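The next part holds the structures, each set out as structure tokens.
Look at the two complexes coming up: chain A is in both, with chain B in one and chain C in the other.
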Partner chain A sequence: MKEQLQKDFDNTIKNLTLSQKDIEIKKFYLDNFINKGFPNRREEDWRFSDLNQIIKKNIGELSFYSDYTSTNKVDTSVFVDGLEHNKIVFINGRIEKIDFDYEKKDQIEIIDQSETINKFNNNSPLCDLNSAFNNKSFKIVVKEGYQLIKPLIIYHTTNSKIWSKNINLRLNFELYEKSSLRLIDLFRDTSEKNFLNIFYNFDLKENSILKNYKVDKFENKNIKYSFNNIEQDKNSISETFILSSGSNFCKNEINCNLNGEYSSAFVNGIFSINNNKHHEIRTIINHLTENTKSYQLIKSVLEDSSKAVYQGKIFVNSKAQKTDGYQLSKAILLNKDSEFNAKPELEIYADDVKCSHGSASGSLNEDSIFYLMSRGLNYQQSIELLINGFLLDVVEKITDPEVKNLIKNMIGIKE
Partner chain B sequence: MDNRQKEIDSLKDYKYGFTTDIENTRAPKGLNEDVIRFISNIKKEPQWMLDFRLKAFERFKQLKEPDWQKPKYPKIDYQDLYYYSAPKSMKDKPKNLDDLDPKLLETYKKLGIPLQEQKRLNGIAVDAVFDSVSVATTFREELTKQGIIFCPISEAIQNHPELVKRYLGSVIPVTDHFFATLNSAVFTDGSFAYIPEGVRCPMELSTYFRINASNTGQFERTLIVADKGSYVSYLEGCTAPMRDENQLHAANVELVALDDAEIKYSTVQNWYPGDKDGKGGIYNFVTKRGLCKGKNSKISWTQVETGSAITWKYPSCILKGDNSVGEFYSIAITNNHQKADTGTKMIHLGKNTKSKIISKGISAGCSDMTYRGLVDISSKATNSNNYTQCDSLLMGNKCGAHTVPYIKNKNSESNIAHEATTSKISEEQLHYCQQRGLSAEEAVGLIVNGFCKEVLQQLPMEFAVEAQKLVGISLEGSVG
Partner chain C sequence: MLRINKLNAKIDSKEILRNFSLNINPGEVHAIMGPNGSGKSTLSNILSGKKGYEVSGEVLFEEKDLFELETEERAHKGIFLAFQYPLEIPGVNTNIFLKTSLNAVRKARGEKELDAIEFLKLVKEKSKELKFDEEKLNRQLNVGFSGGEKKKNEILQMSLLAPKLSILDETDSGLDIDALRIVADGVNTLRDNKNSFLIITHYQRLLDYIKPDFVHVLMDGKIIKSGGAELALELEKKGYENFN
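Moving on, here comes the complex of A and B:
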């Protein structure tokens, strides 16, 4: 893999106009990654999902160089109907379109950061890989007091032109005081056997609101890793919703630093997976100051020989008195070959806190099925109704009505 | 009032902190094959036992000391320890209690352990282990009548080799982790109990461990085998003198329950926790594992952990037999600079197996406490159930309380439920108690005892009283 990395790195550098110093920095990240390699189960964070093995088994040899010199045609048929929205379109990892047609132009700033190296607050090998190879990166700034009229949908589309490729994306968001942003990450893949490695950074200033929805719904054979870092100032709110369903393997990591008083973070997620899929959500909520709040709810429905993993951590440092932290994960195993692993973790150094977590996994309640069947439903209908209700609970947590409807339609949940 | 004050004063310090001035026989310092041969030789062990030890030592040389645990400690120099220390007078084993060194008897009297049979304290059979050797076992005759074997493990190796050979290392193999393997190589003594088929042990069996000599590691090994349809309740207590340096205690406890058998294992661990600034104290790195080998068997662990500078142990149950049951009840209290990383593992292998975990952690002062547990339901363990509850109580903002459960469910017909909470003593509760005339400390003691009640209830009577007092003492000075 080492020669491949080195070769692809040289090719990537050729197409960029970087200063010698920046190339050195990128080289440094490359060397870091070469030393560490893809994470494997010996690392605590990856003990339930051995990425090294997963890539070996599903993809084999990866290549890291992508030719971004030619443009791809934007296929408008993938766009979401019935909801006016702003767009960022990635095709095979290349940014093809950024448009904020519905917004006041002077309130949103798009800064091209491709020519500068921006450090990311994470030293995992995947972050090193991303820093070494990511091509164009943008910073999107929402100005003070501006609230976006329409949501922003980021389309991640891939097509059959690429295979066995590693794609590295990075975006930065900065939300100034009292601003707000609704963001939907939407994956539409028609390619196979690629590894997407996505890093987002969010900087939330005082009183800003971020609603961050990640939708991986459509069936595909790709492997995905996404890391979101959210820095929160005073009174800011972040809401994250994850629908984890379509990809062969997918791991979503949310790292949330509650730096300012009265800031709050909400993370809700659904695993709905079948076949041999293996999905993971890992959350780390760091309560770093007084009077902060976090709430997490993860529900899973596992069919066939699928496997879901939830690792959630609430960290409370000694300054963070009056913290309120809550975490709940529930899983239904529908097949004898499915598997659910959880590691809900509390690390607490302050005494005046209210922190709790719960985790439950098991089969559907036979009594409930019996009840529904006695009311005239057949077995299959009863199960569907119960699962519908089970998942609806999480979808109802979405605070934005437009997006809530969109997601409900997408997964076919009825009220 | 004066008397009461005196009583409180006497309780405030670690009351088992005295040392006993007894001449010791020691093995040469350090860890090597010769020392292992020395231990084996002095215990007049058969060849198979020596082979067992050497095999473990071979393995030990390849192992690396684990470092994933939360409480870090300075590196232990395993060559700077004595691996065997015995009171000299024990060399020619006393035939009965009258032959015992009076100083030893006095020590145990100070500890409040009824070695003299005439003193019958609710009829508990005691095996006392002083440094590396077992000094006395009481009530042996009465137990023998029922066919129960209860003796030091070194005697069992001589007299019941077939039992020891069959079960020793069957739950904790010689190739296990670092400290367990070290124990297998150098263990000196401990207790052995065998309950024959269909016998309900008429009294509580009990072991008291005491580390006396300095620079000595205590490595005892306990093996309890409950044959078909039998029942036994076993108690374990531990104390050590106050010393400035840290001492290592790495014991192995193996339990085997055959068809329809039940073992109840209770521990009140009160090793010297170090002084207020965290100097000295015992490193308590113990491996405890129970195997529910037969159908319908049951193993229940109850522990009250108040002592030790660092406690690092996970009493576990392997639920192999169908319909077997594993239970774990724990109170862990840390104060001053104590650290604990404790919890349990429940490995479900058989069908219809059930496990229950109740863990209560209390941390005060500058201490740090972690609950770490594993619940693993394998794909064959159909219709199994687990319930876990771990609650933590924090006193002050210099201490930490952490919960790290690992939950694995590979069976769709099995259920796992886990709950954990972290909180502090509510102002209203404190206010209420103080309004009714209790001092702040008494109020805290009362509330904490209530918090722990679910676990304390599981202890046998005599132990429950002692444990309740211990809970109060351990938190002394943590409020106000």
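Moving on, here comes the complex of A and C:
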């Protein structure tokens, strides 16, 4: 892999206009990654999902260089109907379209950042890989007091032109005081066997609100890793919702720092997977000051030999009195070969806090199935009704009504 | 309509029904009374198709072998079980459930499925008859319902699905006098010369409101005595223990 990395790195650098200093920085990250390699099960955070093995098994040899010089045609048929929205379109890792048509132009700033400084306070090999190879990174700034009128959908699309490729994306978001953004990440893949490695950083200033809905719904054979770092000032709110379903492997990691008083973070998610899919959600919520709140609810429906992992950590430092932290995960295993792993962690250094966690897994209740079937529903209808009922309360946590309806339609919850 | 001939049922190699036989003709109301553990609920479960029993013998419903029909097919053909303990189904809206159920049954019977408006009109009408709080129709199925509300919901489903054979498994338990009367009215409304009922109960009380044509005493998995409505009164007086 080392030779491949070196060669692909040299090609990548050739196509970018970087200062010598930037090249040096990128090279530093490349060397870091070469030293560490892909994370494996020996690392605690990857205990349940050995990425090194997963890549070997699903992809084999990866290549890291992409030619971003030519444009791709945007396939408008992937756009969400019935919901007016702003758009950013990635095709095979290249930004093809940025469109904030519904917004006041002077209230949003898009800054082309070629700077490579690692803002993630994250020394994981995947962050190094991303820093070394990401093509262009953008910073999107929402100005003070501006609340976006329509949601922003980022389309992560890939097509059959790429194969066995690693794609690295990086975006920065800065939400100024009293601003708000609804962001939907929608994955549409017609490619196979690629590894997408996505890093987002969010800076939430006082009283700002971020709602990030990550939707990996559509069947595909790619491997995805997505890392959200969220920094929150006073009174800010972050709401993250993850629908984890379509990819062969997908790991979403949320690192949230509640730096300001009365800031709160909500992370809710659904695993709905089948076949041999393997999905994970890893959260770390850091309560770093007084009166902060976090809430997490994760529900899983696992078919065939699929495997889901939820590692949720609530950290409360000694200053963070009056912390209110909660996490709960529930899983339905539809097959004896399906597997759910939960690792809740509470690390608490303050004495006046309210923190709780819980986890439960089991199969569908046979008596409930019998009850529904005795009313004329067939087995499939009964199961679907029970599963939708099981998932409903997570979907109900989505505070944006338009997005809630969109997700309900995608999952097939009828009203 | 229903012919049970020498039915034996076991669960985990424990014999529950032994050589149980019973005939129910169209329009008849049969009551089965028996002490705890005599096999009453097993009988209703087997008739409506619950899995997990080892059975032998013959059960014919309208001359068809019942054991060849799946649970939902029995519902389509007109068998309805009012559960002793109706299940709470979180996240499933009662109205959606009722509509799905009714349309599944109507479709199987070759009748036109109801659209939302037709359905709502019907369900409102039936709820009113049963004094079932309409607001509950928008709640999650049986979640947070009182015992009485759950039982009324069973009778509401029964009256929507218009079954040929209704099995009421201890529907009277946990009901106050007013609810009991409402439930009985619901049954009596459906009663005609075609529809039949099998009423399973501990007590004679329900039979004051729903007059049975036949009463059977079930003990240790078989019927030990059959008679008319007066048998229930006799049973009430003597108790099960002294009944042989």
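We take it that the second predicted complex is superposed on the first by the 410 of 415 C-alpha atoms of A that agree within 3 Å, B and C clash if a C-alpha of one lies under 4 Å from a C-alpha of the other, contacts with A are read in each partner's own complex, and residues count from 1 in each chain.
Here is the rule we go by: a residue touches a chain if its C-beta (ideal position, glycine included) is under 8 Å from a C-beta of that chain, and two chains touch if they have at least 3 such contacts.
Given the structure is predicted, the values throughout are model-derived calculations rather than measurements.
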Touched partner set for A:346, first chain B, second chain C, both or neither: first
Contacts of A:393 with chain B and chain C, given as first, second, both or neither: second
Greater residue coverage of chain A in the superposed arrangement, chain B or chain C: B
Chain B versus chain C as contact partner of A:335, first or second or both or neither: first
Which of chain B and chain C A:163 touches, first, second, both or neither: neither
Intersection of the chain A residues that touch chain B with those that touch chain C: none
Residue ranges of chain B touching chain A (in the complex, touch as defined): 68, 379, 392, 394-424
Contact set on chain A toward chain C in their complex: 365-368, 370-379, 381, 385-386, 388-393, 414-415
Residues of chain A touching chain B in the complex: 44, 318, 321, 331, 333-363
Residues on chain C engaged by chain A in the complex (per definition of touch): 48-51, 70-72, 74-76, 80-81, 83, 86-87, 89-93, 96-97, 100-102, 104-105, 108, 140, 157, 161
